[in-house]
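Labels for the chains are A, B, C and D, by order of writing; each one numbers its residues from 1.
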């Protein structure tokens, strides 16, 4: 546990009076939380409101007074929904890329979900209660993403999105082909001892050779969208959202045009310069969301501005965690840096909660403090985007799962 | 090495006898007949009268030539060799060779710049393996000399490329002459003589002293007996022994003529004279200095500057050099390719017959051994080569080589070695 | 590129300065000796004259018997000789140099690659061709390498000239076969048996395709879908070109003769054919197969290759001489350029003579000229100084195969493409 | 197979974003007055006026509503068929040597600053081709070098010609099977020029055989056969990269063998050595940028070739259609305008040099109905000069693309006013 020196007003959390054990056997495990500010779904904040949790759900929001018989948690910080990261490889570092083939659309990354992996504890401690496990951009069709909670091992969705890649890394001739194995094909039946004029390298593709050009990749994906059944077919019918990885601007434009042409729903991943004035229009028209970041401290302002530009254009934005390469604590930094470049703080916080839930396709369960939703909440010592504030407590399914150690 | 050589000699000898179908018993045990009569289709004597006999006959008795000319009646006691389709010509002579010793370190002794008291003889090895190939190509006499590492390398010896015999059978003049080097190779940075000036002063300082002493004794008797160290050098300065001087480039050739011919009036021969040495050819002609050219017969400077191919021999002969000969500086160019030096010079414009002289009579005469070798004349050694055609024509094949009247090589029996 | 003679005839020799202005392409060459090298008939014309018109030889004969008509530029070469241009049937030098990093030699994706055409990589006017012209070689067969059993199709070219159309004599010029000796490196387990099976299998399929397409052309059969890999067999079946075979070692030469010539009835000639190949000379003579010998001129009698250690004296045995002893007449020479530079083709002939090949009926010079020309089936165009043939003529100061001889000038297609005085002596 | 962009997006992109540089929205009206207007369609007009409105050339002379731009000379926007702005290996489908049906349009990067730089040097229309790693690289597209970020708004002619390449370039990277039999997509033919010629001929004969003998083939092959059939009918020109003289004569013989009506020899540095053959076979020639030294080693194909500065003049005299290219490199010496100047120094007359960078290339790829000359009704692509075009002393001071003022002569050289 990091020992952090925080200057400024240290929130005195009145937890001391309620021993943890007694919380558990309260009447039908009901719990009341009173915070100085409660973030509502529309981004506004309630002053000194009480939120009542029951059986892991939110029973009511905004009560004036707390019921004296019921256990009460009071804190003069901010109560927000649990943060949601739209991309991570927590606990599955080596599992997001397959080096034997380019197309593995039916693969499910949920099989790599290891609930009690330490990566998830770290995420929890940073206020992140739900994450999207996603395949990497090295495979042309990496498979299906999974949406999971960071505590309790619950899988919200084992078929979140169909991950496709428009990045140059997915092309056999790409600069950093993972291993030359990508290029290997099964022994060429035509490579006899004598060429005898038989068809060999002439027209037509040979074997399961992966494409080496952008045009080839688009053609292959278009061809697969014509499948009659399977994940490609479901994506084509709009029943399965897509998760399009793209980095350079021409890759982003190509991905957007592909989604528009085939009426696909879902989101873009990567796209640091999605805010370019020639891209915002096409992205807005396509209806795709954009998962940006994670931003590093040295990030160029041009990509930080993308958050503001996309949000101003009404494009739903989410943030990527990038664990285990990145420490979950840096998740908030991406949002903070975006605000520094002019993004609206409320919208940024929303893109870490409500919008992220919508992009992950689990907004009916999590993402806002609203009646009926899962009781995934985070108590902050101050405003979450204010780097000096810290996580005081995290509730998942109404249960206190993390509490900052008293000094 | 030597024992194996001898063994092979025996085997070959034996094989000659038992080889079926080989009619030529030209190799027979010597001594039982009075002499040998060789009749050939064309005989090049290479003598001063340039006589050619078509056909021709040579009589050999006791290793010496007793008759050269038109075919004549031969007494029955003579053994006859009749080869109507072959040419005969004298064994080839190479004045600049270093294959008398197998060890590389026997080439130069460079402790002091002037080694006039050293001789190549101690390092000499009679049946050096490379000589077998030289013999197969018709080279019969070689002047084995130290290298060009010092201004005066020492004294060389004349020997023959026999396939058998001891030191006495093989060597016919020791010392045969001195070896000196004028520019490029002897210019060492370590000691005096790094520059031409230093090098020239070194030699002249020694020779001037010897000449002065010789003048004192011109009354016929030496005041004190010749110092054993400089005894041979004094014979050179007196003109008894010739000196072969390694040099290159026009200034090099001119420097050699100026010192060894004009200053000391010795029997000096300019050796190599390559790169653009032929520009000093007129100076050689004017001073009657023989030139021993090679192994580079191609003028490199004209190749580089004008992109034109030009031969060195043609230039020397055009200037009227009286005695022109060719060398291989073996093993730089293999000894057996001595005749090719002549072919290439002819290809590059030199007169063909002059090139034949450059391989036979001229080298012998320029080094004062013309009385014994270099041409087929009565009284000379019976060093005779029989070949299928013109000696300079690479298409010709050497069939037999006689040295001192005995067959030392037979392509038909030993297999064509080159 | 400098020194190349491109356009119209402009001659430096001021002979007969007074004659009327010569018409384009009309020349009369007078020389003390003309080595015609015609396959039959008179081989030498003393003090003769050759009339050239539009690149062809119009007349050959003694001065006085052949009249020099009006408008011919006469050149009297005095005591120099005239010889036909040499024909080199094994060259890899007409394309990019083998050391230039560009691979024009072998495309051996398969063990048999009959579809490859060497014409695609001919680079007119490169340095090797300039030297070949200076060495007297006027026609070459440029072929792919021996990296695979069937390297592809060669092309017959004239060595000078800077455009492909002026250089080409016949395309395809030959089919390049490598019986054995290099193609083993194609893959593990590739040996004589498998190679011969694969070669016979490919030849069989090619011959079946070619015969049906020939009958279809004559309207007697159904046409097959065009197969550019088997097209060369149509020329072979018509007998318009031969298979040039890299073959050496006695039993491999035997396989070339028995399989390709006898069993498959294909026109073929032996390239290299050294290392004891001459032992099959008698059979080659019966089957009418020529031997283009080289670049090795000798076989060392000792069991191994030539004994470089020089400590054993067993002498050498001439390859060309071996074939001659077996009664063969059709013996040519080969440099496998650039293994031996193309310009040294005449030296190969000299080595043939040195190692025992007799020359009383000019076999050496014929081996450089008419024999390879007839072997490559262009005997009607080059190889000798006869009426109607291309005017490919060398001006030499002695026997062309004698290394001492100097090439004064080279005429190809009636144009003076090299002159030692004008261009500077190149070789 | 890959449908063009849906109309939805087209409207959006035009609305959205002007040219990269000076951001005037929508085409507007201009009146360009110049001492000399070189129309590349007949004699130049002295002291004339070009009226631009609604992205087209409205009139030559007379009055117009837009602002007036006063410059010394005006030429049509340049057309560069060898601009070679591509995404390198990612622009060509190397799973097969004859990717006949793949389209470079799907792999373009229109955000690259090189388009903008070429535009500011006067190149308004360009042919985008795939990189030359395949024997037949696929279908090229003619597009404007400026305009919206998506291709549809810029494309002048989709599938304008079929790209092929001879010489050692397509075989770099390929290799023969190794003795250990390991097989990868690069273990294939060609590995030499002979192999390249074979693959090209095989593709055509497969198409001819399939049609003639009704052989069955995959849909993709059928599409490929149809593209090749179009080249044989002359509807689609073939642009073949032939740098060395070997490749020039191979291309000429292939043209004659298959009777391909329209063929452009691209980057034909040594075509001057086979000038008569090029004339005889009726091919057009696209000359590469002049190298600084006389002899240049081709970067890709490590093939040494000899460039002749008077090549353009020779072909002009022979009546062979010629075009020049600048390869849009960063080297200021290699702009397309500079190439025209260098060709003139090699003996090419001014009119022929002007045509070689405007109407001639446009005619070669069949877009001379819209671009390549200053004629009423054509696209308003103009290059404004402060002196005689192509002279070393002159500079491109203004560029108008589809009526947009991309480079403003007034701003560029304030002192001109």
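By our rule, a residue touches a chain if its C-beta (ideal position, glycine included) is under 8 Å from a C-beta of that chain, and two chains touch if they have at least 3 such contacts.
Computed from a prediction, not measured in an experiment: that's the story for all the values here.
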Original post:
What is the minimum number of touch steps required to go from chain B to chain D?
Top reply: 2
Original post:
Common contacts of chain B and chain C?
Top reply: none
Original post:
Among the chains, which is located farthest from chain C on the basis of C-alpha centroids?
Top reply: A
Subject >> Distance between the centres, which are taken as Cα means, of chain C and chain A, whole angstrom >> reply: 74
Original post:
Can you give the whole-Å distance between the Cα centres of chain C and chain D?
Top reply: 45
Original post:
Where the centres are mean C-alpha positions, what is the separation of chain A from chain B, in Å?
Top reply: 96
Original post:
Which chain A residues reach two or more other chains?
Top reply: 191, 195, 197, 200
Subject >> Touching two or more other chains - residue numbers and ranges from chain C >> reply: 109-110, 115, 227-229
**OP:** Return the residues of chain D touching two or more other chains; collapse runs of consecutive numbers into ranges.
**Re:** 177, 187-190, 202
Original post:
Which residues of chain C touch chain B in their complex?
Top reply: 301, 310-311, 313-316, 347, 350-351, 353-356, 359, 364, 401-406, 424-427
Original post:
Once bound in the complex, which stretches of chain D touch chain C?
Top reply: 166, 168, 171, 176-177, 179-181, 187-198, 201-202, 205, 208-209, 212-213, 215, 244-246, 249-250, 273-274, 276-277, 301-304, 306
Subject >> chain D contact footprint on chain A (complex, rising order) >> reply: 168, 171-174, 180, 183-185, 187-188, 191, 195, 197, 199-206, 209-216, 218-219, 222, 248-250, 253-254, 257, 260-261, 276-279, 281-282, 285
Original post:
Inside the complex, what are the residues of chain C that reach chain D?
Top reply: 1, 95-96, 100-110, 115-125, 144, 147, 152, 162-165, 185-188, 225-229
Original post:
Can you list the residues on chain D that touch chain A in the complex?
Top reply: 1-3, 5-6, 8-9, 12-13, 15-17, 87, 89-100, 102-111, 130, 138, 148-150, 177, 183-190, 199, 202-203, 206-207, 217-218, 220-221, 224-225
